[in-house]
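As written, the chains take the letters A, B and C, and residue 1 is the first residue of each chain.
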């Protein structure tokens, strides 16, 4: 049976998006649980599904774990009263949450989740669109996400959202520079003279069959990671929300489903950010540095594909945990500290890092 | 007033003070703002000197016995010969050169000793005692007491719920045997029924055998009781005094116009007490006058206005009343219970309706020679002063009845007066349209075309003129029922509708007109009227044969008595 | 007088910031494995310490006499005016006629009460006590007003040993201390 490849793409897309959304909702639960563990609390442990919760031992266990919590959380976003304040610019106000979520989901298109080795021995990336300019596409699209924040801040027509939006845009600009520059050494390495030029994320992952880039270029990794926090508006960089100063920042005026979109958007950004960091620096689906699935003899067929996806998702989840761990460890920066860090430390550092690797790669290429 | 030469110089705690002769030391110290504590002494009663609380140290300038020359100190000041023991302040009259010390160690020690003795057998009843909060024993115990008791024996137990009379309950344990109540009954009420029996700690206040404290002044004994021994059966256990807000008012029972202070909490009146006015009622008032507050919440109170028996808003009722009064053939029945302001407004209405006659209904009762006068209307003289009437009113409205019968009168405006009670027949009332402004339901309100629910004197402010032609004011104590309107406001609105001109509708503003130059009440204003009232020139009314006889602080004019 | 707290200058490791972050992360990571301190409320209840100021209640003495004599001092002292008392007289045929006065109605509006305990402090009869009940809830405003019956039900009996009023009764029986 032949299925129209375009239809197939839609199905894939739907599957990927729903997986991402599911990840997001459980990321929320994870965040609540991790914060409570770190703070010596219990966290959500009451929500029970009528049937599943009634299973002996397992039901109460899952309930204590809060496994069912995302369901009411989601329903709450759907069914709470949707307040549309009278003073907002309605069109942009409604657009903003969409603009904030869509880029995050769009970037998923170019993120490979694993690879499949068919019987012919060809390595097929498990990705929706295996485009050559993957990394560029990723940066281009994901930086659109800030428009949602800025638009929300501006269209809310109220001072706290406005300040939040302004901060978000300034922060985005400041950290995107350092972020881009910090990735350049990887691209130079991957696109070494003599190789076929590529910005494909799959190829970058494959390039880490030996050294992972986090080991080879640790400074790049750290700079990228810090910028990633800033880009996803996660603590300690959540200047746009900063409850202590701006009530709720850009989404102060939002309620119900529109707020839910922002909320999911934030976690979607985190998911994508974790994927990208895994791909760029943590060797993608390679189980260990210098160890590939092939070298373990498990790279073939469906098993290999599942293993690769599993390893990839595992690393991604570890990254998510790291995001949350940081959030409940570090206090928020002051706004001027954020700016200072971005412009006076990260940017020069990333440029210095770039120059360093230019020389290193030059010497490696020319054979010293 | 005493002439300057007659004043005596005394020295209290080192301060020289000039006092009239006969002033005792408690009063003299009060002039300097010093309080000498006392229980038995009362300014309006004779001096008994039996509580010993007002002990002070006293001394006189010394004289050489041989020569009669004043003894001098080395610096030339008179040498004071202090008496070895303390003297009672209430019984010590001012003498030239007298020195007293109110806060010397000896005086303080004496006071503390007296307080300790008084507290020996005094029960620890303060939590259930109605006097708590205004109890002099409580106050002086904290200011002059030692703060703990050395008395380890069992306290006296005496009867706690003795009924002395219909309105007074006695708690004998609390009594400090000051005898104020006995003296009051003997000297002021003229009804000697109280006395002490037994001796020492057995001493008990009792009524004489076969008698009870039932006179119309019995509750004054409760007021002057310095402790909680005599309590008002009506007020007993109703409310603690520290919750009560006190407002100055006037007893509108008779034309004496006793000054009162009304205690209320959260819109509910709890008691009426006399207020000292040495020109009118001293510190007394009648028991019957204290009961008047019960009319506020009585069953037959009018709670809302009505038109033809159907409840209506105050505005509609006023508009309807105005149109009824525009029909002509108007007679006005005012009241001696109206305030001066209301009478003034009634007079204005009489003028703009071309009323054929204005009546007042007289009420006469028995005279007790103290604070109950013959005239039970508190403000007949107000009606005379405002010109509402020009002769004493009659008890029966036979003149009005005749006018109704002849058809001359077709509309009657009655303020607070029940026309049936005033001698008109139901048949006569049936012939006229009645506008009734009053506080309680009666035969007139049932037959009235328009009923305007008014306020009692506790719910509005106003002035009245008593038998001495003393104008006195009372103030609002509690708010009225929601559906009622202030009488003056209703009358002013009616007058405004009738005349087409605005008419002052508040007690404050109407005095600009009443007290205007050239009128009998010139120069008087509600706001500036003193709490003690103001005596008016009554010479224009000397020819009127007022019926009041002699009473406390009131002598009838000779001409009037002669005319009688 | 203002004074300045001197900040310790950061050393190199601290200036690098990342090691300090790592230290922080290790601290929080250790915390994850510690036992939660949460008290899971409806099932687990806190232990109420001595002198706790819970819901104000009225108490009876061991004989079952209501201790309150409706002196209304609590009503007077109550800062949010939560207490309402209608005083009444104890009838002469009552066993406690010698106390004379008792509350006819006694309402405490728990929506107003601020649990300050001044009523307990001011009470001359030790009749009102803030006991250890700490959670009051209801579906209507009326329900949140504790009337006299409810207050005695909540309050119970005070193991009182003074019997102030009984002493007086005894003295009267013995002839009144003369």
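A few notes on this one:
Just so we're on the same page, contacts are C-beta pairs under 8 Å (C-beta built on N, C-alpha and C of every residue); 3 or more make two chains touch, one makes a residue touch a chain.
All figures in this text were calculated on a predicted structure; none of them were measured in a lab.
Set against one another, B-C and A-C show the most C-beta pairs in contact at B-C. Each chain gets a centre from its C-alpha atoms; the one nearest the centre of all protein C-alpha atoms is C. Here the spacing of chain A and chain B, counted between their Cα centres, is 87 Å. Chain geometry summary: the mean Cα position of chain B and that of chain C are 45 Å apart.
Once the centre of each chain is set as its mean CA position, chain A and chain C turn out to be 52 Å apart.
Across the complex, chain C meets chain B through its residues 69-73, 75-76, 87-89, 92, 98-101, 124-125, 164, 168, 171-172, 174, 176-178. By the touch criterion stated above, chain B contacts chain C in their complex at residues 121, 123-124, 126-128, 132, 153-158, 160-161, 201-202, 236-240, 242-243.
Taken together, the chain A residues at the contact with chain C in this complex read 34, 36-42, 45, 222, 325-326, 328-330. Partner chain A is touched in their complex by these residues of chain C: 18, 21, 24-25, 27-29, 31-32, 34-38, 40.
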